[in-house]
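Structures follow.
In the two complexes that follow, chain A is the common piece, with chain B as its partner first and chain C second.
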Partner chain A sequence: MAENQQNLNNEISVSIYKKRWMKFKSMKRGYYSFIIIVSLYLLSFFFPVLINSKAIVVSYNNELYFPAVLDIIPGVSSYYPGERFGQNIPGEADYRKLNKAWQEENSDNWLLMPLYQSDPYEDITSENNKMYESPSANHWLGTDNTGRDVFARLCYAFNISISFALLLTVINYIIGISIGGAMGYFGGKFDLILQRIIEVWANLPMLFVIIILSSILRPSFTLLVAIYTLINWIFLTYYMRAEFYREKAKDYVAASISMGQSNRTIIFRHILPNSLVPVITYFPFSIVAGIAALVSLDFLGFGLPPPTPSWGQMLEIGLQDINKWWMVFSPITAQFMTLLLIVFVGEAIREAFDPKVYSRLR
Partner chain B sequence: MATYFLRRLLLIIPTFLGSTILVFTILQLAPGGPLERTIQQLQSGGMGEMAVEGGGGSGSITGGSILPESAMKELKRFYGFDKPIWQRYLAWLGVWPRGIKHRDFSFDSEEYQIEKRVGKRSGQIWRVDIHRDGEDFTVYEKDGTISEVWEAKLEEKNEDGSIDGVIFQTEFSGVLTGNLGKSYTFAKPVTEIMKPRFRISLFFGLIGYFLTYAICIPLGIRKALNHGSPFDFISSVIIFIAYSIPGWALGGVFLVLLGGGSFWDIFPLGGFHAPTEIWEQMTLWEKIVNQAHHAVLPIISWFITSFATLTVLMKNSLLENLSQDYIRTAFAKGIAEKRVVWVHAFRNSIIPIASGIGHIIAIVITGSYLIERVFNIDGFGRMGFQAILDRDYPVTMGFLVIVVLIRLLGNIISDFALATVDPRIRFK
Partner chain C sequence: MKNSSLVDVKNLHVHFPVFGGVFSRKINSVKAVDGITFSIGKNQTIGMVGESGCGKTTVGRAMINILHHVAPDVEIGGEINYHFDEGEVDFTKLNPKKMQHYRSKVQMIFQDPFASLNPRMTVSQIISEPLQIHTQMSKKEMLDRVGWLLDKVGLQPEQAQRFPHEFSGGQRQRVGIARALATNPDLIICDEPVSALDVSIQAQVINLMMDLQDEFNLSYLFIAHDLSVVEHISDKIVVMYLGNIVEMGDSAEVYHQPRHPYSRALLSSVPLPDPTQKDRNRVVLEGDIPTPLNKPSGCAFRTRCPLAKPDCAEDIPPLSDTGNDHFVACPYWEEKF
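Then we have the complex of A and B:
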């Protein structure tokens, strides 16, 4: 206890955010969840070299090719026809066959395959894939209704889900903070009118509206983010409006107004940093909501356009035939683990930001 | 306070109008609406017939549309697309006259009076006279008086000087008069379609609602009183799991595990109860058992998320109150722990729970498409969803009306509950 007190005294000059970060770090469950989820997400950008049917490196006639590496960079084609490597097949090179053939021939050419040699788009049209294979060494989690590898799709969907939720949350935050902040800061008629509009929005059944919009417009990734943003920015305005309303009455704001600072400076430089607490604590839960929403929409068939790998779409196929249990359990487990990790992080952040210490007398 | 709630009730009106205008406009402006859909169906049907006839090429395809003009007009009128959108909305609301029983007529260029059969009245054929004055029409009954129910208006002037018109009755009939229109797909009044489905959703909703509160409040209290104990830890794990898995996805897990797939066969695969033929031959007791058997999994899935949030809320709320100074004082005064917890702390910590009452009522109805779909239950949410897919606008709007009203009322109920349990709150 005395030592604790000592520590606190030493930290008195440490900024509040640093203190909160220390407290967050001291909460093992949340902190490790944070490390795991962040590293998994970063790793997921390199899935093309880990989980792919293309080779990482091909050395053919003393020239090097990197088909799988090119997959990492969006918008770059990694297409090499089979003929390029002396393979007598139409269309794209089949690296697995190539590997086998070269090894048998003991040829000077070589290639390096990824750890897991399936990609999420390879369906029954490629020779060795069958529909609804149960889990095996080749396909760790089996294959789906068109013979695509479930494990590969699962992993790629992880990246897409988190990216979707992150993008969504960031855009929502920018809009929600600006509008909510402006409402609280300017008040008056502006506030009143926007409040009415927000009430109308907030009382609409959101999933229903999203489905209406997505059934009219065929959604792409960007459009889906846009539709969702249109609806979700509202929830943040409540917090921000209340925070700005409260902060505006404080002396430091009066001081900066009397110094003649612009509204923008006051809003973004002075008030915003003081009213970020609810926003930060809400962030992980907003991501949870984003992921869950994407899965629901994909499940209903109003989400990302096929053949984008997605948990919801896998679940939809799985639930059509409950004997194909791997098609149901894989996406649900993946989703569940992801959400659980984020919820853990969220709980820890919330606690780190909470100055109250629960102590019971008896 | 009564004035406050009266004002809140009145504020429902603008919000309700705003919500319905918004969705109505989106639906009406959307491409691929019911009109286009029907035209497409009729056209493809027509094409098929012609192929059977051996492609007897009549010239009617040349215009791109094989639907005759009059049929187009009729369709437009049926779906209301012959009027501007604001009139359609007002008619839907019931404050603008809606034209019904349209009948076409036409005047030759030199004709100024015709007789028109307009239907039957008290067993007799009803005829009216239509007089023409330039482009204005007056409808007279046979006894010479101006007709009170029939109106006529100009539809089109033709090149040869003849005039096409339409005679119709008007009525005020819309949401405000309790008429939500007729479903396009079922060809029945929307209210008739909604009623049985609403009952199904309400069944799950109410049972789940009471169960949630009946479980969450005692559980939350127990967790708070035993904060840090193994019981608290284990139940927290369950709550985290419940929070991290959407209810409908959990429903999917249940079905695969317990629905007789590759694992156990304990519960039925879905449906509200056994198929109707079997259901009707059951005794009352069998019916109750069968119904309960079908309801277990959906109800758990339905309420798993609100179960998790409510328990945590109850626990945190009580925990926070227990660490307050007034509790310390109560203990210092020597009041028994039971009394401190139940009388002092509990009453204060139930406040946030009370404010959730109305919101959960809304969840009862609205949070259910996914679960109804997973369990193949023909409920209210699924009806709304299907209506969007079928472009069945009357049902879609009917669904919206009910959901928005329930949500708005739910908010007010929440505030009312809050004011009831917390005497410090004064709404003005």
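Then we have the complex of A and C:
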């Protein structure tokens, strides 16, 4: 008995979510895909100091400047005129030239350039770039029809695509879960009326709405997210409504009501955690759908305004001259790899949430 | 004798409307409970038996007032008068705000111990939930109380941080009992608390419930379909058929000398652990229980009753005292079949 007691205390008790996380970790393909995609995405916020034509640090006349670092912070200008660093050119400083000049002069001024010295916006107006350059040490994946570096654009587009999909998914989830949950929980006339509205709303031809809206309004990142959210939250309500209906009828909710628990606590503490399984497993696939949506809109020319780096635009430009293989090959490969990684993650999440193992029918 | 009553149910009706047609008008209603009257004394156990679908669960849920939640359109009539120490209330006429105060007085134990505990919460969270609502205990006091309750229901306080899926069915039901006990209720409604458990576990849980009743002065409404279990725990037995009470009386008497033809048939279906007793008069009822959507006129049982007479179709027979506080809703109960 004493020994038995000992065992009881030593065993660590874990919640279902923890068990699922452990199961997810045990699925190597999904877990490593998850690590790769998350670290790449986190890394992509620091691309301005890794892939940029601006210097990370400039020391000029004993003063320090950080033009590339300023690029990381959105909304902050990293513009320094060439005159600031004693460069006799109009407009922004050319840090590559500056670097060369200072090294030749052996001056006390110095600067530190990023690893990859091109940025996604720099086109043929810069002496460095020519149109349709094939891959080389300077431009790993060549340049496009306006001389912009394909590799740099590819990398920056990665960040934009994932951010777009994430933001879209999170907003959809918040709206869809709240409305679907409310419909399932309160039921009755509220559910009936809202469900009819949703059915009508869901039958809007979405692609045309987007095309019309983005040809009237100037498309931007936020506008595109808003337009897509208009209709995409609906699919979440289907799941949540059904889940809430099902969970609401279970005895643990009845127990909660019988002890006088408030509606809010019942929804957020009891029903919601128990009805998230379908939406969590759906999450990675929703991201995939978001990325694909942005790519197709950009490809059709109704997406983000140029010169924002985007895979869809790169693909469209590439297809205009298919002989320049690097322009088609790169965005397709990047997109394929990204979606593949996310699908692997989704597959592993689905597997980890498979109820067969932890259910009572074990 | 325990005669001061805790709750008097008077002429309780629970009807679930059925909507249909183009404009979803009310076209009919399921008369789940159709005018029943009984009372539960302090420290008393009332056993409620009947086939599935006869409305016994609905009675239980009406008595803790949770029917509106799942069926907002439900129509409840009659009175459910509670006589608590601090005053009398009728649960059918309370607004939700006033109801809140009395929620701690009446608790429920559910049939399925797998479904009645939230799988995302630890046992400690589950048991302390009613404490959070009804008391101003500190975290420390609450944990102490949870440990004490776990000890009372025969679990180890060390298991408080575990999740329901780590327990067996009997243990989970004990957790459910601990949760019901947490706020010191006067009445616990037990909705088939043991029918999902193994027979050996059933006995343990029943004995635990009887011990707790003595210790905490509880009253039980014990809903079940297993008559031998009900006879063991109850002081009085109420037999229901299609939303009506057909027989009500002292538990030993109803069990050993059932008078209503339905009870007689029900009792004769209980298996006896004695193979030598072969001369038992077994009654096998013909046909199915009619739908509560369309109940037979008069006595609801007449369609299956071996004693049925033409005048059974006319009036609903009232519950009449046949001596010794034994009520039967059949004028022909003395006849043999």
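The rule is simple: the second predicted complex is superposed on the first by the 337 of 362 C-alpha atoms of A that agree within 3 Å, B and C clash if a C-alpha of one lies under 4 Å from a C-alpha of the other, contacts with A are read in each partner's own complex, and residues count from 1 in each chain.
The rule is simple: contacts are C-beta pairs under 8 Å (C-beta built on N, C-alpha and C of every residue); 3 or more make two chains touch, one makes a residue touch a chain.
Bear in mind the structure is a predicted one, so any value in this text is a computation, not a measurement.
Trainee: Let me test your reading of the model: by the given contact rule, A:S15 touches which partner, first (chain B), second (chain C), both or neither?
Mentor: Touch partner of A:S15: chain C, not chain B.
Trainee: Would you check which partner chain A:Q261 touches, where first means chain B only, second means chain C only, and both and neither mean what they say?
Mentor: second
Trainee: Who does A:P278 touch here: chain B (first), chain C (second), both, or neither?
Mentor: A:P278 sits against neither chain B nor chain C.
Trainee: Touching A:N323 in the superposition: chain B (first), chain C (second), both, neither?
Mentor: first
Trainee: By the touch definition at the top of the document, which applies to A:F208: first (chain B), second (chain C), both, or neither?
Mentor: Only chain B is touched by A:F208; chain C is not.
Trainee: Given the touch rule stated above, what does A:G82 touch, chain B (first), chain C (second), both, or neither?
Mentor: Neither partner.
Trainee: Looking at chain A, does chain C or chain B touch more of its residues?
Mentor: More residues of chain A are touched by B.
Trainee: Scan A:L315 for contacts with chain B and chain C and give back first, second, both or neither.
Mentor: In the superposition, A:L315 contacts chain B only.
Trainee: Overlap of the chain B and chain C footprints on chain A, residue-wise?
Mentor: Correct list for chain A: 358, 360.
Trainee: Can you list the chain C residues touching chain A in their complex?
Mentor: It comes out as residues 61, 64, 66, 69-70, 72-73, 99-100, 103-104, 106-108, 110-112, 114-122, 129-130, 133-134, 156, 158-159, 161-163, 165-166, 176, 179, 183.
Trainee: Per the contact definition, I'd like the list of chain B residues that touch chain A in the complex.
Mentor: Contacts found on chain B: 14-15, 18-19, 22-23, 26-27, 30-32, 227, 240-241, 243-246, 248-249, 252-253, 255-256, 259-263, 269, 319-320, 322-323, 327-328, 331, 337, 366, 369-370, 373-374, 384-385, 388-389, 396, 399-400, 403-404, 407-408, 411.
Trainee: Quick check on the complex: what are the chain A residues that touch chain C?
Mentor: So the residues of chain A touching chain C come out as 5, 8-9, 13-17, 187-188, 248-252, 254-261, 269-270, 273-274, 358, 360.
Trainee: In their complex, what parts of chain A are in touch with chain B?
Mentor: So the residues of chain A touching chain B come out as 196-197, 199-200, 203-205, 207-209, 211-213, 215-216, 288, 292, 295-296, 299-300, 315, 318-319, 322-323, 325, 328-329, 332, 335-336, 339-340, 343-344, 356-362.
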